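In what comes next, subunit A is part of two complexes: it sits with subunit B in the first one and with subunit C in the second one.
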Partner chain A sequence: MTMKVVGQRVKRYDGMAHVTGETRFVDDVIVPGTLTIKAFRSPVAKGNIKDLDTSAAEAMPGVAGVITAEDVPCNAYGLVPDQPVLVEKAVRYKGEPIAAVAAVDEDTAVEAINKIKLDIEEEKPVFDPLEAMKPDAPKVRPEGNVFMFGERPFRQIILGDVEEGFKKADIIVENEYLHPSLEHAQLEPQASLAVPDAGGKLTIYTVSQALYFHLGQLLGILQMEPDKVQCKQWAPRTGSSWRHNAGFSDINYVGGTVGGGFGAKNDIHADHVTALLALKTGQPCKWRWTREEDLLYSTFRGAWRMTIKDGITKDGRIVARQIKSIRDAGAYSTLNFYVVDKHSFLAAGPYFIENVYVQGYCVYTNKPPASSMRGFGITPATFATEVQIDKIATQLGMDPWEIRFVNAFRKGEHTATRRVVNSVALVEVMQKLAEKAGVDLPDKLMTMTSTERG
Partner chain B sequence: MRKRGVGIAAGFYPMGMSGGGDSSQALVKIQPDGSAVLTVGSCDIGQGCKTVLAQMTAEVLGIDYAQVKVVNDDTDNCPLSFGTFASRVTYVDGKATIAAAENARDILLEVAAQMLEKSPEDLVAADGKISVKDDPDTSLAIGEVAGAATFGMRRLVVGLGHYMRDPATPDPDTGECDPVCSLAWAANLAEVEVDTETGEVEVLRLVSSYDVGKAINPMLTEGQIEGGGAMGVGAALSEQLHPHYPGLEDQPTNLGDYAIPTTMDIPDLESVIYECPSTNGPFGAKGLGEMTANCPAPAIVNAIHDAVGVWLNELPASPERVLRALDEKGGG
Partner chain C sequence: MYSLEFTVNGQLCQVAVDLKTTLLEVLRDKLFITSPKVGCNTGDCGTCSVLMNGKLVRSCITNALSAQGKEVTTIEGLAEAGELHPLQEAFHDNYGAQCGFCTPGMILASKALLDENPKPTREEAKEALSGNLCRCTGYGKIIDSVMAAAEQMAQAKS
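So, the complex of A and B:
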C-alpha cells in the first residue's frame, strides 16, 4: 500500500513558531512575584565542610528563603542515588552547590550569596582517572573511585577467545586513543521555574528531556509521602531508585518543548532546587543558569582513554579485537555507567569479529559529573576504531574502503554480545556513499551485499 | 603548503535504551470533526518528533497531516515516556503512536460498519474517508463517522498504545545480551585541506550516507544529518571542554572560547539516505538522531593522514596538535 503522509517532506510541526520566536521556553514563562535563585557553590574541588553560616544572607531584606542540605528531605538522587542536591559535608568538585538563595531580584540574590560564610577543610583532589584508579589515590567516593559492574570494576564483554585470535593473526596493531570531554552547547541553558498553588500542588516548568524519568527522581528528593519510601543515602545500585512511586499527581511537570538538549538535560540540574525553594517560601521561584555556569558545572561528555589491540590476517580480516576503555565520570554516577555499558556492548564496531574482549571502566574524579551526550559511549568508540582500521589498512597496504567491506557485518552475524543482526546495510550504505561522493570503487566491492559474506 | 586528503569512516548505532525496558505510551483522541489529538510523553528537543509522530498518526487514520495536533506538554496530561534520548523516540514512541492510532481507527471502523451495515473488516480508512473495500463508492467522511460516534452513539473515540522492549540484562561474565531495538548503519567521507605551516585544517567536503530504515520525513532526516555533521566537525577540529585535560585549568566560560563551528566553518554537506527497513520498527523506521555526530571526526582524522601522513590519536585535531605531529614526523 502506498503511503500518503509517511515519507513526505511535510512542513515541520513547530518550525514557524521556532523561527519567529513565538515558541515559549521555560525562561519565557512569566509568573508575577517570581523570586530569583542563585547558588552558593564550593570554591574547592575536594574538601570537608566544617561550618556553614547562612544567617547574614537570611537576614537580608529581599531574601525570601535560603536552603542548605538540611532542607532536602532525601539528599541523594540519580539512577544510583549518590548525588546530593546540596552538599552536607563532602565536596567532590569545584562549583558543587552547597546552598541556594531565593530573593526578590538577581542583585539581591547575588549579594546574599556573597554573605554566606563557609569554613571548609580543603583536601587533595584527583583529576586524572589513571591516578584515581591507584590504590593510594585520594578517595573521590567513600566506596572507591571505580564503579563496580556487579562483582567487577569494569563491564566485561567476552566473545570467543582473543588470545587464540591473536595467534591466528598475521599482524597485531595496538594503539591508544583519547577522546576529550565535550560540552553539549545547546542553545537553551539549564533553567527551571517552580510555582506552588494554594491547593498544595506544585507546577514545575522544566527543560528536561525526560519528564517521567526526572519526575520520579524529584518525588524521591522531595519525599512527597515520606512514610511510603525510605530515603537511601549511598544505596547500592538497584536500577530502579528513580521510580519513587508516590506523589505523581502532586507535581505537574511542564515541558515537552526544549531549546536543545543533546543529552544535557537527561539529568536534573535545577528543578530540585526551585521546587525546594518554592515549597519553603510559598512563592514562585526561577533558577536560570548563566552560560558560564552551564559550561563549568553542568553535565558534559566525559573524556575517554581507549586502548585497542587488533589481530588481523593478511586478507584484512580482523580476527581478534581487545579494547580497554576508561571513562572519566567526574564525581557522581549520573548516567556514566550506562554510557560505559553502551560503549562496551558495541565498541568493537560495525564489523563481524569472532574474538572480542572489552573492558569498560567508569572512574570517578573530582570533576563535575559527566553524563550523557549525543552518541553516549559509541561516539568515542567510533573515533578510536575507525582511525584504528585505517591504520591497519595502511600497515597492510590495503585500501581503506576494501578493509571495511571485507569486515562489515552481514545478515545473521552477531555482535560481541551475541546479538544477531538482521536489518544490516553497512555494505550498501558504503556503496551509496561512494556513488554520492564520486568515488569509483572496484566491481568487487560494488557487487558485494549485506546478505552474503563474499 | 596546503595539502589535500580524503578519509572515510563507518559506524552503526542502536535505538532505544541499551538494556531495554524503556517504555513509551501514546493516546490518540478523535475529535467529533474527525481531526485527531496525539498525546505522548516524549519531548521535542528540536529533532522534530512532533512532526514525525503526527505523520504516523495521520497515515494510520487516513487523514491529513494538518488534521493532527500533538500534545506533549506536561505530566498531568501526557502518558509515560522514558524520555528523548538514545535515538528512541521515532522508534519507541512511533510504535506506541501507531498502536494508539490503530486502536482509535478500529473504533471508527466499528462505528462506520454500523452506519453502513457492513462488517468492520470490509472497511478501510484512507483519504479522509471510510469506504467499503470492494465498493469504494460507498463511503463516509471520517468527520461524519466521528461526529456520529461522539454526539449520537455515546462513544469516546480514544486509542491507546504502548511499547516497551523487554529488559535485556547482560550476562555478568560475558556481557551476552540482546540490548537494542534495532541497528542503523553509517558511512562518511571527508575531504580536508591541511596548512602545513599553521596546522589549520579546513574541511572542504563532508559526504554522509545513512541507513534510517524508513525516512518518515526526509527533510527532517537531512536536518539531523546536517546538524550531526556540524557537531562532528566541531568535535574533530575545535572543541574541548578541558583544554589541559585531565586538569581543569583555563576552562572556557563562554561560547567564544568554547569553539563550536559556525556556518563559516562548515563545508558543503551532502547526504544520501538508504532505507533498509527495520524488521519491527514503525513503518520500518530506525532512529538516527545521535549517530550523525559519530563518523565525521574519524573521517576527518583519516583525511588528515591522507593529506600529510600523520595520525592524530587524540581529538581535537587542533592546529597545535597537527603541527606537533608534523614536527615529530619531520619536515611535514
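So, the complex of A and C:
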C-alpha cells in the first residue's frame, strides 16, 4: 500500500505563506485605531511600593488609559497562581511591570510612562540560589524561598538504595556541574493585540504556545464570569486559577502562528495587559515588547547547579547515582516546578542504574522568572551526566564509549521512576554514530544489542 | 512633515513622513506591507531586510527619506507574473523556512547575493547571510535552499 504521507517527504503546510510573506504574525495584524502599549517597570530588584502616582500620565493628551494593580480583577496567575499581572506592593525583580499605558502612538506612550511617579522602598535582594536557601536570606516570597513539592522542599526520586550501591562500588566519582541561564532569543518578540467589541467581549491575537492553558489563565485574571472563576492570591499547587469551560465564549483567542517560541511563549507575557487595557479603553490595544525587554524580562532557561555522585564497579557499571540539583527559578513559579520534575525524573540519563537518589530543588531569587525552554530540565541534566561519564572513563582508564555501552538501557529495564522501557535503541544508535563518525569500536561493543544485557 | 515619493514593488507611493520615520515604519504602518518584521529594531537581526535599488538594507535603521526616488523591493514583489522566484520555490522545497519570521529577510538577502554572485560557494552563501538571524533551522536548510536556487537559476539560463 502506498501511503500519502507516511514515508513521503511532505512540504510544510504553511511553507508557501512563509516564502511569499503572507504569513500574518500577531504584530502583522493591523486594526485601525489601535493604541500602543508601554509598560512602567520596576527600577529595582526588590522593594516595597510606598506610592504610585499615574495622574500626570493619565492627564496627557493622547493617553487613552493607564492601568495599575487596582485595575486587575484577579491579580495572580500561573499554573500556581503566584504571579501578579501588575505589582501592587512587593517588587520581586528588576523590570517587573507595575503599570501600563495605552496611547495613540509609541512616543506618547513612552512620554506617559516617564511621567509616572514611583516611591519605592528598596530592599536587599538575593540573586544566588545558594544564598537564597539560607535561613536568614532576604525573603523573595512570603512563603519562603524554596518551592515546596508537597511537604518536601525538593522533588525526590528514590530507586533502590544508593548507600548500599556505593558500598558495592570500586570507585566513587563526584563532581559539581553548573549550567548558566539561557535566553530563547526567538525572533518574534512577545506581542499581543486585543480588540474589544461593543458587548465587552474580546478578540485576542496571541503568540502563545499554550493556547488553552493561557485562555484559562486569562479568564481567571479577567474574572469575566465571576460565578465560575475564583481568585486565589496564593494557593497550594492544587489550587490553580486554570479552569476548563469558564467563559470561553467571552474571548476569541486567535493563535497558532508563532514566530519562534522554544518555550518562551509557554507563559503569558502580554495578553493579560492588552486585554485589560482594551476593556478599559474600549479600543484595540497592541503591546509589542522591544528586543531589549524581551531579552531582559521575558522567561528564559533558569540556571542549574548539579552535583552528581556515582559509584562504579571496575567493569564500568554504574551501580549507584546520587544527584542534587538546584534550579534558579527567579521570582515566580511559572513552569519552574514542572521543569524540576522532568529534570528529576530523567536526570539519571538513558542508563540502567539500580540505585538512584535525586533531589531537585526549585529556588526563588530576585531575578525575572525563569520557565520552560526546549527539553525543560532534561537538557542541563544531559550536559552534566554526559560530562560525568567522560570523567568516570578517565578515572577508570576506560574508553568513554564503553561506559555508555555497558550502562545503556536494555529492553525491559526501567528508569529511576520504575517506568519500563520497551522501545530502546541506544546501543544501536551509538553503533551507527560511531560508524558515521569514523570511530573504530572494538567488536565486543559492536556486537552488543539493546535486547539483552551481555 | 515631508513628502516621500518612492517605488515599492513596482508601484509608485507617496507618504508623509517626519525626519525620524524609518523605512520599516513606512512599509509596515503606512503601506501595510508587513513582510519586513520588527525583530530587534536596532539593525542586528535582519528580519526587516528589504532591497533598495537592488541593494540589501535593514529597513529598521534606514531613514525613510533616504528612499526618496528609489525602488524598494519586499518579498511581496519577488514573484513575477504569478511565478514564484526560484528562491521562494527553493526555500519551500528544501525546508528553508520553519517558523517563517526570518524568511522574507532571508530570501531577500539571498536574492541580493545571487544577483551579485550567481554561483556562490556554500561558504560565500553563509557569509552573505551572516547578518540574518534564524533560531529554528540551524541555517543548514537555508544554505541548502540558496544553493538549490542558484543551481536552478543557472540551469534556466543555459
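The criterion applied here is as follows: the second predicted complex is superposed on the first by the 445 of 454 C-alpha atoms of A that agree within 3 Å, B and C clash if a C-alpha of one lies under 4 Å from a C-alpha of the other, contacts with A are read in each partner's own complex, and residues count from 1 in each chain.
Here, a contact is a pair of C-beta atoms (placed from the backbone, for glycine too) under 8 Å apart; a residue touches a chain by one contact, two chains touch by 3 or more.
What you are looking at is a predicted structure, and each value in this text was computed from that prediction instead of being measured.
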| item | value |
| --- | --- |
| Partner chain in contact with A:R291 - subunit B first, subunit C second, else both or neither | both |
| Of subunit C and subunit B, partner touching more subunit A residues | B |
| Subunit B versus subunit C as contact partner of A:N336, first or second or both or neither | neither |
| Touching partner for A:K436 - first (subunit B), second (subunit C), both, neither | first |
| Contacts of A:V258 with subunit B and subunit C, given as first, second, both or neither | both |
| Subunit B versus subunit C as contact partner of A:R12, first or second or both or neither | both |
| First, second, both or neither for A:S42, with subunit B first and subunit C second | neither |
| Partner chain in contact with A:A185 - subunit B first, subunit C second, else both or neither | both |
| Which of subunit B and subunit C A:T299 touches, first, second, both or neither | neither |
| Which of subunit B and subunit C A:T20 touches, first, second, both or neither | second |
| Shared subunit A surface residues [contacts with subunit B and with subunit C] | 12, 14, 185, 257-262, 291 |
| Residue ranges of subunit A touching subunit B (in the complex, touch as defined) | 3-10, 12-14, 45, 94, 127-129, 149-152, 155-159, 175-183, 185, 208-215, 248-249, 251-263, 265-266, 291-292, 295-296, 300-301, 303, 328, 338, 341-342, 344-346, 349-350, 358, 365, 367, 372, 374-376, 378-379, 382-387, 390-391, 394, 400-401, 404, 408-409, 416-426, 428-430, 432-433, 435-437, 439, 450 |
| Of all residues in subunit B, those that touch subunit A in their complex | 7-14, 17-19, 41, 43-46, 48, 50-51, 54-56, 58-59, 62, 64-65, 70, 72-76, 78, 80-86, 126-127, 170, 172-180, 182-183, 185-189, 205, 207-211, 213-220, 228, 231, 235, 239-242, 245-248, 251-255, 258, 260, 270-272, 274, 276-279, 283, 286, 289-291, 293-295, 297-299, 301-302, 305, 311-316 |
| Touch list for subunit C against partner subunit A, complex | 32, 34-35, 37-42, 44-45, 47, 74-76, 79, 84, 88-89, 91-93, 95-104, 107, 133-136 |
| Residues on subunit A engaged by subunit C in the complex (per definition of touch) | 11-12, 14-21, 23-25, 27-28, 30, 184-189, 257-262, 288, 290-291 |
